[in-house]
Amino acid sequence: MSAINKIKSTLENGSSPEEHSKEGRIRSYLRSDFIRSMPFWLPPTLLMGLFVYGGIFWNFVISLTDFSGVVRPEYALSNFDFEMYTRMLGDPSFHAAARNTILLLVVFTLLCLLVGLLLAILVDNLLKWQSILRTVFLLPFALSFVVTGVFWQWMYNPEIGTINTMFNLLGLDALALNWLGNPSLRLGAVMFALIWQYGGYAMIIYLASLRTIPQEHYEAAKVDGAGFFVTYWKVIIPQLSSASVSIAVVIMVFSLKAFAWLYTVFGSNPGPAADILGVMMYRVAFSANQWAYGAAIGSVLFVGTVMIVTPYLYYQYKRGEL
Amino acid sequence: MANLTFDEVTKKFRDGNSEIVAVEELSMEINDGEFLVIVGPSGCGKTTSLRMVAGLETITEGDLRIEGRSIKGRSPQERNAAMVFQSYALYPHMSVRENMSFGLKQSTDLSSDEIRKRVDEIGDVLDIPELLDRKPDDLSGGQQQRVALGRAIVRDPDVFLMDEPLSNLDAKLRADMRTELQRLQEELGVTTIYVTHDQTEAMTMSDRIAIMNNGKLQQIGTPMECYYEPNNIFVGGFIGEPSMNFINCSRDAQTLSTDDFDYEISESTAMELESATNIVLGIRPEDVVVVPEPTEPNDIAVEVDVVEPFGKENNLYLIPRDRESNEAVIGTVNGRTRVESGDTVGMRFPEEHIHLFDGNSGVALRHPVAEQEELTPFVG
Amino acid sequence: MANLTFDEVTKKFRDGNSEIVAVEELSMEINDGEFLVIVGPSGCGKTTSLRMVAGLETITEGDLRIEGRSIKGRSPQERNAAMVFQSYALYPHMSVRENMSFGLKQSTDLSSDEIRKRVDEIGDVLDIPELLDRKPDDLSGGQQQRVALGRAIVRDPDVFLMDEPLSNLDAKLRADMRTELQRLQEELGVTTIYVTHDQTEAMTMSDRIAIMNNGKLQQIGTPMECYYEPNNIFVGGFIGEPSMNFINCSRDAQTLSTDDFDYEISESTAMELESATNIVLGIRPEDVVVVPEPTEPNDIAVEVDVVEPFGKENNLYLIPRDRESNEAVIGTVNGRTRVESGDTVGMRFPEEHIHLFDGNSGVALRHPVAEQEELTPFVG
Amino acid sequence: MKLTTTVKNAVGWNDTDLNERFEQVQRKHVIATILTVALAVFWVSPLWGGITTAFKTQSAFISTLPLTPPTVDQVTLNAWAVAWETLSPTLWNSLIFTIPAMVFSAVLGSFAAYGLSMVNWRGQVALMTAFILAIFLPKQGILLPLSRFWNTVDLEGILTSLGYFSLPFADPSHTNLIILIITHSAYGISIATLLFRGYYLTLNHDIVEAARIDGAGIYAIYRHIILPLSYPMFMVVFIFQFTQIYNEFLYALILIGGSDPSAGAPVTLALAELNSGFSQNWNNQMAGAFITAIPTLIVYIAFGEQFAKGVEY
Amino acid sequence: GGDSNTSSGDDGSDGNDGSSGDGGSSDGDDGSSDGDDGTTTLELQHWWTDGGGAIGMEELQEGFTEKYPNIEINDNPVAGGGGTNLQAVIRQKVLEGDPPSTWQDWPGANLQDYVDAGALKDISYIFEGEIEENYGDGALLSARAGDEENPYVAMPLNIHRVNNVFWDIASVEEAGVDMTSIGDPREYVEVLEQLDGELDIAPLGLSMAVPWTILQLWNANLVGLHGVEAYEGFQNGDDVTSEVEEALEVTQTQMGFATEDASSVGSDAARLKLPQGDAVSLMEGDWAAGNLFAAENYEYGDDWGHAPYPGTDGVYTINTDGFPYPKPNPTPDATDKWMEWVGSAEAQRRFCQPKGAIPCRTDVDMSEFSELLQNQADDYQSGTGILTLAHGDGVTPQQGTSLKNAMARFRDQGNVQATAQSLMDAMTL
């Protein structure tokens, strides 16, 4: 049983009803931790509920109307339909954006974990400069997309950009590609830049998690005859799975923020190769004044993300940590 | 299976600017198939010695040889030593079978089938065939311990290295595992170095005990040698539970005097002491004879301060009468003995059972008369 | 300071759909100022019993009374019990002084000055005045243990509750703290319930021992009662180290027979057994008499399988000759005894020292003849 | 040769006992050091490009590569001056709402995590799920409802009727800033709750029980035990939230609707002023980017260690 | 479509009348606040925070406050995203019924949604007379939200010409090409080929990171190849498939001549390719001249040249900036005055000269303007004005978004037929 359940049951049992009379029950109910802990969880719940779920619900209602232009919609049941959702089905822009969004949520998250892990392993094996290099990798995390978007526009410049300059210097001219221009590379380039920005976060959590693995496991593997790579691959990395899950959740949140990066670099029109639902929603609503359609995209995005996160929640629930 | 030689092995750690000498000029020979226990207080360098054999620490000076061939500089993989860690260090994400197979996969060319067969065999030996598909987290402490052993055994190593493998178990289980480990080692006949700070483990399990203190070897010998003929005060105090009683005396010819009493020794004993005047008298609690009242010349009148009952025996904390001293002499009496805190009794140190040490160097000057008794019933 | 009554206390946990009965109809009375040790194997309900007293668990059935007044339904704050946790549970962010003051601040109206004075006092009692301004993380295990004690003592509670407070310490320190705890409790005279699974602690520290198994109380009594007059096989086996030997016998009149040997009992003993035919003979290792060879009628010829040397004594694992059986009888002999694995010797169970239990219910039918001996020297 | 020396210094070799060291400092450390340093150089290169640009004259910018540092006659502080002039009035606004919002979201998140970890009731799992899902809210999707909401709630009127504006420090811009504080707090709660909850799961529950026995109630336990022990996680959440809120653009854009500093506009809106469409002045923009990033960079460099420690739980 | 637009426009103007009554009453409020401290605050939002626009804006405000000292201007810019940020803000505010006094926007069809919502006031009373007479037709059309049927709802301030070609004289001379005599976009393509063959640098500077520049190029090609009729046909939703496709094909070919980094540079970086010597020619709006003028040692006429985009001589593709008049209006009097000021020759002179655009009015003294702008002004007065598709003047927000979206697809996927179809579909939205 997890520690938390123990805490729960202690606190719960500590003053749950023991008296059997009605009066006593009410009294002890009022004294129960459920009631007494209310001041702790109720205000944040209300605030979060109002803004987040109120907003989501409102957004959903808008998606049922025909709201466009700059005339406020009439919220009447008779106006409600799912037209915007059917429209989505036939919209090639939506298909492209949905595909890219899923790719970003899944592939970017995985890559980010991978890079974070590699960085963590490297930093963990340093004898010196650990803390300074750790800070270096974490620095981009502090910056806003408005800034990093511009940086990467330069980095990717096929002529004067750092990336291609580097490849040319290394004699790998074949790899000096048109990163943002070539539609088939664009999304990958976006992910790479995002990894640069968020890899440090993954690294820092992985580092923390690596520290919890007893030194004996490395030594046992060594004595067992495993080399450096086998030790990590077979012994260490599998033990990081729960850290990976929790990093993945946060990284997925970040991947939704790719909106700001794309918006900085491509405006509201990254093209089908890199369009994502967040950008499309903004474009549709705030450039084309098609609020209802934008709202519908927003609802789909939220539900879709939730579906991707559900396995995580279930995993947490199974482990009794929800 | 091999013999192992420590040749003046020294290990220094750099700690900032200072140097820590963890092991100092350790020399000993461990015979093929022997079960050697290294014992000593915390920080005395036991683990470090073991890890040098495993190849997890480098050797600063001296040499280590297996079957006469130096293993200095070889990587752990090349040493064919198997290690059991105090924390077990089982890989939590692998099943028991995978844990046990891992070393074989990494360091041998055996086919999966052979590995499977071997693991099954060892599983049988250790009586854990039904656990093979579980994860370590689903096992009890004792079962984990067994798996950790299995992981070492399965590799059929030249040397077993065990670092306090039983210290995470509770008393009962520890006693069981002790016997089992011993039986297994005998069966397999693999040269074994076993590290512990628990002298009971050292006594009961080992062929020979190596006692270390402050990085230095104090004594190496069979349990009985170490118990009955400790080289010095340290060994005398460390081996045996409860500890040997030590009494500081000044000697004048055949008289050992303390503030509380005088103790006359025989001439032959006195001769063994040569010219030493600063003497520590050592006597084990079970050798202290408690009598209803002092009758013989050397008997001392004492008060029973505390009675610690263990069932079969009681430990009496005896304080010389009319003394404020808190330094009690512990004497063991039969568990059925009617004696209570506050009683006044006599305490006797039979001369044939006393140890005498040089008070300055701590070196043993005289051991009890070596007497191996014929079978006599135990009168606890 | 108060007496404490368990009145048919039952605790059930819901675990999914099934129910776990952690404690079943536990009734006992703990006297004012008494030191009661609850002992039993893992999972027997010791901790649960303690936590019910603390108010950390509710009581499913039955009642708990302090000084005759039910404390059921009262919150922990209202019970005036202090608890020492196995993990110490010191507040890591508070200094030792703050740790000790916290309870007083929360549950009394004492002024800061009074609290300070009281903490200083207790600091002196525990000999930790110089630690008061340190943080727990800067203390050694033993010091932390002392602070945890201090935190409990300072509140001057009606009851002390301690859940395996020494199990995180190493053997030597544990032995020291044992004595100290006992001394303190005697000094303060606070009713104390102490939970452990270590029978040595139970024996040496307690006024009385309560032995639990499977949620049920097996026996409550002084250490000597529990050791010499165990109520049943469980208690007999649990108390004492090494454990009592048990031998299943079938009885025909005055003869107890096993596959290996017959054992004749006296008429008077036979009468105590009444009609029971399925008998378990129990004898403690130190009561087993090992003789060079069988001479008397009840003597059994055995082979020494293993010799476990402890220094002052050896445990011999004795196997009836010509038998494949692995079930050895353990006999303790003097440490100086010359005996080796493989020797053939005789084993004798003196009738005055045997326990006889009903083979079906496990209940004790006959205890050894109660004999408290006068002081005799210990011949280990 | 030079490389070896560098590496030797890096891994702490000195020339004596080199052989011994070579065994101890294994190859993997050397390789790790080389790789990590190379990656680190790559990692900072975009930032480096930004810095060099910010110090270059416009013509130097046109004629040189971003990563080459400016020569003496190409250096100018002009861009910094321009950027500072544009941004400085709004930097303060940013801090005024970022810090309270960071504190509120962290405190409320810690409240929620405590309240939801320490009690057991039927709806608890559902509520926790709701908190976690809330993290995934696409924020572009609720801009419209959000601005509707704040237009319906007449905060200015409320503040006026509360007499807020007669306070000495009050400023009309505070209406907007308070709107931002509340909004960011509300949206930050969910991630803060998640982070705190993960941390509270690792706390030794014996401590809580000890406090109960010591006579502490739910509030006292939070106040005296949980809160002080949450320090490392507060550092993490603070840093996390500071970055997220400070760098946020969309909410401020829609809720404040202009980069007028006296209306409470944050620095992110003002930064956009340096990038106004048809002709972009990179030098100013880069200088602006760095000025904007100063607070977050300070936070990371000063508290990065705490962040790293805090996430170890 | 047009009909219902018109009728809703009528409705709008009905409401307009009603709310000008409202305006009157709030006017009264204003008056009372006038009485209090004698000043009114005009809230002005725009995105000119940098470069020539910022200087022009300063001039504009300065002139206004000189003229109306008791009207204070609350200068509240929303920069970034080439105006999209401001537009997002304004739409929110209009939806909330809480617009600023006025704001910078592209007049023309871009305002159609506001007109439909009745959110803009009929300001014919300001236009009638002097302003109407002196404004060019294109500017007046954009003031009517791009639709002759609408009343005047916005005051255009300046005009940019979108159909231009710029070139680097040294390079062109090296290649032996005459940029001024190119007849149409196809010939331009041949010129590009020739440049490509002769020179090491890219023939064309073009930004493809954002789709509006491609849309702008295509727009120019359509007019250059098929004249104003094709443009009008396209705008009216006629079937001009073959014309659209041909223009797309040409555009696609041209994109092939762009600099290698076209897809990752913004429009400003693309313009700088000329002074940097990385590209020979450039199809851009005349705002690009601002960048070229700004480059050191790079002089108009000596180092770089300008001409109308091939085939569009005599056509003036208009991109205006202006100020819509929202209702309800927080400061009707002050906004009236602002509108009058913006419509004045003085204001347009002060603004347009630093901005690098020509005035909407034809009676502004151009003597201090650059030679290039003087030429442009002449062309504006003599040529046919059409509203640009790449910005807001000629298309509604919906149409504009769809056109750009189609172009972004075109850039990535290069499918001429599909793009033509989406482009034409967009215009029927």
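Here are some notes:
For reference, chains read A, B, C, D and E in written order, and residue numbers begin at 1 within each chain.
Note that in this section a contact is a pair of C-beta atoms (placed from the backbone, for glycine too) under 8 Å apart; a residue touches a chain by one contact, two chains touch by 3 or more.
Chain-to-protein mapping (UniProt): A = ABC transporter permease; B, C = ABC-type D-xylose/L-arabinose transporter; D = ABC transmembrane type-1 domain-containing protein.
As the structure is a prediction and not an experimental result, all values here were calculated from the model.
Any chain bridging subunit A (ABC transporter permease) and subunit E, meaning touching each of them, is among D; the list is complete.
Highest C-beta contact pair count among chain pairs: A-D. The distance from the centre of subunit A (ABC transporter permease) to the centre of subunit C, each centre being the mean of the chain's C-alpha atoms, comes to 54 Å. Mean C-alpha position of subunit B lies 92 Å from that of subunit E.
Remark: subunit A (ABC transporter permease) and subunit D have CA centroids separated by 16 Å (rounded to whole angstrom). For subunit A (ABC transporter permease), the set of residues touching two or more other chains reads 10, 14, 160, 286. For subunit D, residues that reach two or more other chains under the stated contact definition are 143-144, 148, 204, 209, 212, 217, 272.
Taken in their complex, subunit D has these residues touching subunit A (ABC transporter permease): 10-12, 25, 28-29, 32-33, 35-37, 39-40, 43-47, 49-50, 65-67, 108-109, 111-112, 114-121, 125, 127-138, 140-146, 148-149, 182-183, 185-187, 189-191, 193-194, 198, 200-205, 208-209, 212, 217-218, 222, 243, 246-247, 249-250, 268, 271-272, 282, 285-286, 289, 292-293, 296-297, 299-301, 304-305, 307-308, 311-313. Every residue of subunit A (ABC transporter permease) that touches subunit E in the complex is listed here, in rising order: 68-72, 92-93, 153, 156-161, 178-183, 186, 263, 265-273, 275, 283-284, 286-290. On the subunit E side of its complex with subunit A (ABC transporter permease), the touching residues are 81-82, 84, 87-88, 91, 94-95, 113-114, 116-117, 119, 208-211, 259-266, 278, 397-398, 400-402, 404-405, 408-409, 411-413. Residue ranges on subunit A (ABC transporter permease) touching subunit D, taken from their complex, read 2-4, 6-12, 14, 33-34, 36-45, 47-56, 58-59, 62, 119, 121-123, 125-129, 131, 133-148, 150-152, 154-155, 160, 162, 165, 196, 200, 204-205, 207-208, 211-212, 228, 246, 249-250, 252-253, 256, 259-260, 277-278, 281-282, 285-286, 291, 294-295, 297-299, 301-302, 305-306, 309, 313, 317, 321-322.
Interface of subunit D with subunit C (complex): residues 204, 206-207, 209-217, 220, 224-225, 228-229, 231.
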